[in-house]
Structure formats: structure tokens, C-alpha cells
């Protein structure tokens, strides 16, 4: 299996930052620097991801798990660190790219599905139009081809094709997530970020969405980073898991090992409370 | 014995550090054993002697506290499973090492035949071919045909166990770990499992197994390793 | 510097005119790029053509012949007012209603029917210079989008149009790509006029007074309205229910852009050339032909 992503010592600080930011924060303390009040959202985060692999990032709110994918997807600039994306024989130094290069990767090689569909979808335009946007950004300008591709994608994500011209506002929460997934998949990205995609959905809807994600992973061999606070999602989807607390990775390993033989006190508590 | 072992455990130890209770619980201590192609090594010992921990350690479901787990890959090189990179372990799980646990882990809404064929899908075997092989194993293990297209969620313990076994047996890995695979099976089905395991031996597959019933150990084991709850190491011997 | 009524020639002071000219040069050098400039207060409300007027005043000189039109008419209030203001502040210039006689044409909402030549200059009054403002509210982000030619969202708008109405419904301000990069709002000219910008012999300058932007379509430059590969851009066809091209009820022209109005006595829909100068020319030509026939 080929390596697709490698992150080294990624850090993200919100605020002015000071010399003691990293020394005074961490899993045993908090993520707010007592010296300057900056929020150390993530520090010294390193991991790698292989083609077709699903990596889970687990933690509670404030653990920095979403910060990691937001920076990789260029929603937020990284403060420090290095991230390499390997694609078609080229290496991209993600945190060194200019805006146009970022936009190109973001729109064609990465996909993102947000917990909040308002972040991933334009609610003023139709579901099909949302998918069309991604295809248009990627340079396709053939109306019929775009339309039939959008139709295929919606069918694939089990959204009725006859609803493709409706605006996402008319859809249920689960359906909105399906449209988001269809949009993310439009350009066959080798890397997909999923940020709490099932949080807040009904259990049966959650299950169906998780099924869909796994099917896609099997079919397309898409590498994914799944950010969640839900152990069930991790157990079902992730091959490997990182556990984060207050911006640090406190534990990393194969998902079954993290769940069956957790090493860190925090993870042990988390696993014990979920069973 | 001239055949080289495929797997060697050297002074394998597993302790659980429970932070909440501020305790370290020893599970397996100083385990030494070897597993050979085409042969079955049986792990025996009373409850609490850490038999399952050995299998979980080899499969990396548990981290090894100390010792080495030397595995000779299909490619010929020897790697220490206790220290290998997660990605290497995942790759071995996909293509070389199988594990039949007492509990079935499957995707909640998958058909039984797909659950069984899953490891083959991952190896890249054609879907129809994989399903055909899955059905053949299910047939051999006497799981009623009407269940094949249902999800195992609602199955009885014995049915689930057969699905789980079928999954491990169909994949035909180089090394198969079996953790009480017959615990909830009736004697007739047990004998079908025995036949299956014998055929795997003929296919040169190496096995390390924990059996609930001693007569199965007698029928199937080529070597027996006895673990004791004490913290001392134990050595393998001939049955 | 000639003086008139206490104002310098062209109303604007020399520094202001210099700045406008510099901006014009930059706009020509970067076809389609919206050059910001410090739009001056003019003795008329912003939104009444102050952007176009400042361009005209900065570029006109004695001996020039000016034509001012509003929706094709030289006689509408806006056109008359602008023309008399330029006449008042620029002694020595001439004015005309004839397209071919003008060296500088300031227009609102139309490009003359008659093809312009390379000695002519077209100034268009622009209310909203940025075609991206309908899809992106932040100007900062719009600037970056222009820089990267990131225009997919304009095509999304076309896509939605076709989905909803089975055709592209943009009638005015049709987004047009200049010289293969920047997409401009060509001012509220109808779709019908957009192809006239493409490889035009005359320089077209567009000025937005309220929004403080100047941009240009230089002579012999590509101006391509955005469209899908399989659904090309098309102009208004003016066909009736039977698919016949409507004609101007006054001059009988079958090729011009037509205004629709309703006869107040009969209640009937009538069509007439929007470009009055063109209509008059056609009328004269037909009368001339009739005379010859006799």
C-alpha cells in the first residue's frame, strides 16, 4: 500500500503565542496557555496515511481532532509543521502551497464532508448544482456530462435522482449528508476528510451513512480521515486510530488494539465508559 | 522436525496496566512457542493463564509488554510482530494472518456470505469467486442455506460462531489463529470443523489454537503448549 | 488650459484627468481587469453615469466629435443632460447623433448597431462592475477569485438557470471573458450587444463611478461570453410564435435589437429599433430606394 499523506509535528495555535505555550499545555493540563491565553489547538501531531486506509481521530471537543483536518483541507492555516501529500508521483508540501495550488488540491484531490451541511453545501442552489460546482471548478464545462455525472453520484449515495434539482434545504439531515458525500466524491478524490459526519443524526440514518462510507472505501479505495467522538464510528470505520486530548496525540494504534488494549488512562476511561 | 517454524514467540509477556485502579495485572508471562506450516500448535492451560492474550498479542489486538514474536513472511523475511509498524500489521492481516475469535466482528448490515467473503474481497479476489468460496465453506460447516443472505445480527451463538469460523477458514491465510472456535457448537458440527482444520493442514497452513475440549486437542494438535497462571515461563512439549 | 464658466476644460482638474488616463492605460494593459481609481464627485448623482462621464471628460479634447446615447436614444433625458454638460465644460468639441461621425461615444445600456471603427472610442456607463458580486459577497475573496480566474461559480449560476428555466435567462450584464482571463460585467447591455465587443476595432472603456472602477476591452481583443460546451451562448432572436423574425415597425429592419412597447390606443405589442440613429438610417435608405424605384 502506498503512502498518501504524511504529517510531521503539526501545530496550530490560536492567539499571539508565547514561549511557554507548548510547555504549559497538554493532555494533563488544558489547551489554553496560562502565559498568554492562546489556544494550543494542536501540537506535535504526526501520523501517516496509506492509500485506501481509514484513519480515525478520536477525542472530545477541544481535543484538536477537527483542527487537524481543517488545516489539511486548508480551511485554517497551520502554525507549524509539515504535511506531504503524495499524488500521481508528485509530492505536495501542503503547508507551503500558494492559494491557487491549495484550491486546486481542495477542489480536485481532496473531499470534505462536514458535520454541518451548511459548510459543505451551498443552500441557495440545487443539490445537482452543488455537485456541478465541483465539476466546473475541476474544469468540466459540458452541461449534459456534468448533469449525468451528478445524477450518477446522487444515485450512488442513494439520493433520489428526481430530487437533484431541489435545494438542500428541502432535504432531511441524512439526505444532506448524502449530497455532501456525493459532492465530495465528484472528482474521485484519493483522500476524503469526514468531520463528525453522523453526529446529530438518527441512529438508523447514522448506520446507513456509515454503510455508505464503507462501501465507497471498498469500491474506490479512497483514503479517509474520520474525525469523531463516537467510539462506535471508530470501531466500524477505522483501520487505525489516533486518540487526542487537549491538542496532543496521546495514543495511536490499530483500532482494535486501541479499543481492546488501551494504554493511556484517558483512553481506558473512554473505552470503559462506552462499554 | 526439519520444517522451519513460521512463528516463534520468545519470552512473550503481556501485562495490563489499569490506570484507574492503579494496578498492573499480569496476563501471559514468558511464553515460548513455535508454530509450523501444515501443523497445529494447541495452547492449553486453566482460565487466566493468558492463552487468549498470546493470540491477541500475535494479532496486535494487544500490545506486547516484552518479548519477541518472530514471524517469517511469505516474502521470506522475518519480522517481529510485537514491534512492526501498524501498516505492516494491517498488510499481514489482509493477506497472511487470520484470526477466528470467540466474538464475531462484522458490519451490522452485511449479508452473511459477504461477511465470510470479506477477507477475500480485501485480497482482491473477484466478487463472484469470493462468494462461491464463502458459500462452499458455509455449506461445509452446515450453516442453513436460508441464512446466507441475512445479516448475522440475529443469529444464535452457534450460528454466529460458524459464520466466524467460515470467515477465517475461507480466507486460507498462511497463519491462522483460532480462539475456542468450537465453544458453542454441537458435537456433529464440531466434527465438521475438525475435518476443515485437517484440510487446512494439508494445504500447509500453520495454526495456533485454543480449544475448549481436550478431545479436540488430541485429534488436531501437533504440538501442545501449556500455560500456567503463574508468572513463570512454560515450555512446549509433545502430546 | 482653456477656461469656461470658471471651470477648467473638461470640468475635472488636470490631476484628476491624469489619474483617470493612467487608470485607462492600466486597464488597456490588463484587458478586463477592474482598475480602482478615485472617482471624483460630479455635479450629478452617482448612478447617473458619473463613471462614464469622468472617462469622457478625461479623454476628450477640442476637435473631438461626441455622441451620447441612453438605451439607443440620443434624446432621452440622461443623454441630453450628459451631452450638454460636456458641451458646457469642453468648448471646441462637436456633438453628433450619427454613429459614424462620432470619435467618442458615451453610452448607457447599448452598443450602436453600426460597427465601430478603429478611430472611435466607446465609453460604457457601468452600475455594477464585478460579475462575481452575485456569487461572492466579500470583495477580498472576489479579488483573489479574479486573480486565479476562479469563475466556476458563475457557470454554476448558468447551470441553475438551465435547470430552472431550460435556458440561460441572463438578459443583461452577461459575464464575458476578456482575452482568455478576466471575466467582466459588460455593463447592462443586452446579450445582443455582447458579440460586438469581440475583436472590435474600437476601444471600449467601461467606467463605474459609484464603485470606482475602470476596465477596458482593447481593440481586436477576444470577448467571449461564458457558456457550456454543449449549450452555446446565443443572442435574443426576436422571433414571433411562428418563428419569424420580428421587424421594426418604423423602418422594417430585420436584424436590429428591438424595443417592445404597447400601443396605447390599440393595446397591440409593437417593435421598433432601439438604436434611433440606426433606425433613421434604415428609414432614409428605404425612402431613397423607393424614390429610385419611382
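Note that the chains are named A, B and C in the order they appear, and that numbering of residues resets to 1 at the start of each chain.
Basically, a residue touches a chain if its C-beta (ideal position, glycine included) is under 8 Å from a C-beta of that chain, and two chains touch if they have at least 3 such contacts.
Every value quoted in this text rests on a predicted model; they were computed, and no experiment measured them.
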{"item": "Chain contact graph, described as a line, ring, star, complete graph or other shape", "value": "line"}
{"item": "Identity of the most central chain, Cα criterion", "value": "A"}
{"item": "Separation of mean Cα positions, chain C and chain B [Å, integer]", "value": "79"}
{"item": "Chain centre separation in whole Å, for chain C relative to chain A (CA means)", "value": "48"}
{"item": "Distance from the mean Cα position of chain B to that of chain A, given in whole angstrom", "value": "34"}
{"item": "Partner chain C, residues of chain A touching it in the complex", "value": "99-100, 103, 122, 125-126, 128-129, 132-133, 136-137, 141-146, 165"}
{"item": "Residues of chain A defined as touching chain B within the complex", "value": "1, 48, 50, 53, 207, 211, 214, 218, 236, 239-240, 252-254, 256-257, 260-261, 263-265, 268-269, 272"}
{"item": "In the complex with chain A, residue positions of chain C that touch it", "value": "144, 148, 150, 152-153, 155-156, 159-160, 162-164, 227-231"}
{"item": "Residues on chain B engaged by chain A in the complex (per definition of touch)", "value": "16-20, 56, 60-63, 86-87, 89-91, 105, 107-109, 121"}
